[in-house]
Structure formats: structure tokens, C-alpha cells
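So, here come the structures, one by one.
Both of the next two complexes hold chain A, though its partner changes from chain B to chain C.
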Partner chain A sequence: MKARVHVTLKNGVLDPQGKAIHQSLEGLGFDGVEDVRQGKFIEIELSDSDPDAAKARVAEMCEQLLANTVIEDYSIEIEA
Partner chain B sequence: MSAAVIVFPGSNCDRDVAVSLEAAMGRAPYMVWHGDSELPDVDLIVVPGGFSYGDYLRSGAMAANSPVMREVVARANAGTPTLGICNGFQVLTECGLLPGVLMRNASLKFVCRDVDLRVERADTVFTRHYREGQVIRIPVAHHDGNYFTDPDTLKALEDNRQVAFRYCAPDGSLSEDSNPNGSLANIAGVLNAGGNVLGMMPHPERLAEALLGGTDGAPMFASLAEAVAA
Partner chain C sequence: MKARVHVTLKNGVLDPQGKAIHQSLEGLGFDGVEDVRQGKFIEIELSDSDPDAAKARVAEMCEQLLANTVIEDYSIEIEA
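Let's look at the complex of A and B:
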């Protein structure tokens, strides 16, 4: 099965890259862009058969490596 | 007395810091490859600057999980003086030896120049050859040096006097203008609670002999040599 992990900056953590993207979008003439936050998207192929166990394992991967929980949150989707 | 410099794929200040250590200690440090699980019995560990693992995922994140770092963490927790410079600072935060994280510079630009630092602590094994409040000139060269932590951790760092260096103006005053990367409270270097682990973004080894154009970095290596000889 496949795990899809989104790693995003926590609320309140400044995101200068998101800000730069925001400014560039406005520079290109895109109106109505209120905020931009940049994050990471990671796909993991797993040999697991139990989705709940897989999700727990991926959460452990996020805690230990994929996210720095000082500044980042993560969310996990499992696709069987 | 002996030191070890940890070498990762992508380290690029390992030889510079080895020269500074040898000049101060009279003995070349062990150069320990990241894949080794054994670390010689040393009195000092240095995690050097560079771009370990190409800064993949986050600066320092991959290096923090390499085999030798388990032993580095164990030794540091047992009290061995451990210095992380630039990428080494990022590695020490990622492996949990130091609080906080180094984010992308607020300017989004790689910053490579000499900066003024105010010495906040002159009573550590790393800084005893400086004076508290002294302003020293040391180069920075980084893209991810923007020190950040949550307000509670920042308060604890300040209360425990764990900030070793701050970016400052030449007269020692703190301002946004003298902050090269957006770091909270102009923080350039932090200590762990025990005072035996220091991480700093500036590179003392790059101004540690007159031939390089300055010697303000040399007292750090002299401090360490004296501390570990005692």
C-alpha cells in the first residue's frame, strides 16, 4: 500500500519561502491570493497489509525523520 | 588529550577545523567517517560545517541519523565537550542534543560574510579565552541559519543563560540590522543545559590564524585545548 505524507510548517512559524511565492504570484498578476505556505509531500510504498498498523508506522517515521516537530506538523493518508 | 572530527558525505569544513584543533592541541584529531559505529576514546568531539547529505529533507536531518551519531549523542550526554559548527549546529539540533531548529534565512539568500558576535558566556569550556561582552569578528556562510524555537524554550534558554553568542553591531548592541539571517533574539550559538554542547552558525576555524585575515576564532580552540588538558 501507499502512504502519502504532507509535512507543513506549524501555524505561527514564519515561512519566508511561502511569502516569496506569494509575492511572485502577485507579480504575475494573480489576484486574491491571501496567503501561501510551502510544505513537503512524501510518498512511501509499504509492504504492510494492515492500514492502521501502516499508519502507525508512518507516524513513527514522521516523528523520527520526516518532520521536525519543533516547527512542522504532518498528516498521513494511507491508500490500500 | 585528543579530539574527533565527524566527517559526513558533503562535509567541507572538516579539514579546516582539524588544522585549528591541531594548532591548539598539538595533535591532529581523529577523522571519523559517518558510517563508523565506533568512536575513539576522545576528550572533544567536533561536528564540522558543510552540506551533509546535500541538505536533503532538512539541513542536518540525514546526518543526525547516521550510525556514528548514536555514539556522539551518548558521549555528549555523558559530558564530553561537543562542538557543532554551521551544518554541525544543524545536526546537533536535529539529533536533539540542542534545542530549536535552523530555518531558511529570512532573506532567503545564502549569507557569506564576516559578522560581529557578542560573547554572552565566557565561563564555558568553549569560550573561557574570551571575555563576557567581548565583540568578535567571525565569518558566517549559510542558507539555513535562522534560529527558531517556541516561546517557552526561548524563555528557558534565556533564563538558563544558554545563549553563547549573539549577532551584534561592532559596538556590541543588538539590532535587526546586525542580524544576518532572522534568528530569534539574534542568537548565533546555543549551549545545552549542561554547558558541554555548543552549536554555532559562525565558523571560528575560518578566522583562527593571521594568514586568514583574523584570529578571533583562535581563542575558542585555545579554550578547548586548555579545558580538555585539565
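Let's look at the complex of A and C:
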């Protein structure tokens, strides 16, 4: 069973990485780019068989390690 | 129009960040974790109105800047 986790900065939190990408894209001649935000994407392979239990466990992993919940949001998708 | 880009390491490419997360999760007492891979997640807000043209442009951004295609794969989703 695989969990796909997205960790993104909360709205309003400055994103210097996203800003750097935005400026580089403009420097390369890509116009019409209004905003860029960079987050993390984490794939976790689990031995669990119950999707609900797996999701709860991954949420606990996010709270304890994967996300800084002061400034970051996370979302979890479970694939069978 | 928003593009959601995932940049992930190709299979077989060593992922020290993923390995560090894996070990930290085990250290925190999460068992049953078989593998962890970390990638990047980039959200791009575009002024384009044609989804197909937007996807082609974002693919070009990935080739030129966002992904190192020697070791990374990318995938693009366009949201209206």
C-alpha cells in the first residue's frame, strides 16, 4: 500500500524557493506566470492492509516529522 | 489556470533524503514502512486559457528548469 503525501506552505507564508523559480522562468522567457509555490512530495510504501488505518498512521507521521504544521499544510492520498 | 507539477527521482537513483526520512520514522517507532521517496511538488499559476497549450508550456519549463531529466521524471496536471 502506497501513501502519497503533499506538504505545502500555508497561504501567506513567504516562499523564497517558489519566488526563485518564478524569476528564473521569467529570465528564460516564460511569460504569463503569475505565481509559483514549491512544496514537498513524499511517497511512502507501507505494509499496512487497512487504508483507513494507514491514513491515520501517515497523518501521525506528518504531525511528528514530515510537516512543520506551524507553517505547512499536508494532504494524504492512499493507493491500494 | 493552475499547473501542478511532480518531480520525482527515477527508479534506481539513490534518494538520501528519502532514506533519512525512512530512518527517522523508524526511530520514532513507526514500523511497517518499506520505502520512502521524496520528490518536489510545484504549483504554477498561469494566465493561459488553453489547457493543452498550458501543459505544453509547463513541459518546456520542466525540461529547461524544473527537472533534471537525467535523474528525474516529471508529471503535469492542469486544473482549470
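Just so it is clear, the second predicted complex is superposed on the first by the 80 of 80 C-alpha atoms of A that agree within 3 Å, B and C clash if a C-alpha of one lies under 4 Å from a C-alpha of the other, contacts with A are read in each partner's own complex, and residues count from 1 in each chain.
Here, a contact is a pair of C-beta atoms (placed from the backbone, for glycine too) under 8 Å apart; a residue touches a chain by one contact, two chains touch by 3 or more.
Keep in mind that what you see is a predicted model, and the values were worked out from it rather than measured.
Colleague: Tell me which touches more residues of chain A here: chain C or chain B.
Modeller: C
Colleague: Output check: A:66 vs chain B and chain C. Expected answer is one of first, second, both, neither. What do you get?
Modeller: After superposition on chain A, A:66 lies in contact with both partners, chain B and chain C.
Colleague: Between chain B and chain C, whom does A:24 touch in the aligned arrangement: first, second, both, or neither?
Modeller: Second partner only.
Colleague: First (chain B), second (chain C), both or neither: which does A:76 touch?
Modeller: Once the two structures are laid over each other on A, A:76 reaches no partner at all.
Colleague: For A:16, is the partner it touches chain B (first), chain C (second), both, or none of the two (neither)?
Modeller: Touch partner of A:16: chain B, not chain C.
Colleague: State which residues of chain A lie in both footprints, the one left by chain B and the one left by chain C.
Modeller: After superposing on chain A, chain A residues 40, 64-66 contact both chain B and chain C.
Colleague: Once bound in the complex, which stretches of chain B touch chain A?
Modeller: 57-58, 61, 65, 93-94, 99-101, 103-108, 146, 148-150, 182
Colleague: Across the complex, what residues on chain C touch chain A?
Modeller: 6-8, 18, 21, 24-25, 28, 30, 32-48, 57, 60-61, 64-66
Colleague: Would you tell me which residues of chain A are touching chain B in their complex?
Modeller: Listed in rising order, the residues of chain A that touch chain B are 13-14, 16-17, 20, 40, 64-66, 68, 70-71.
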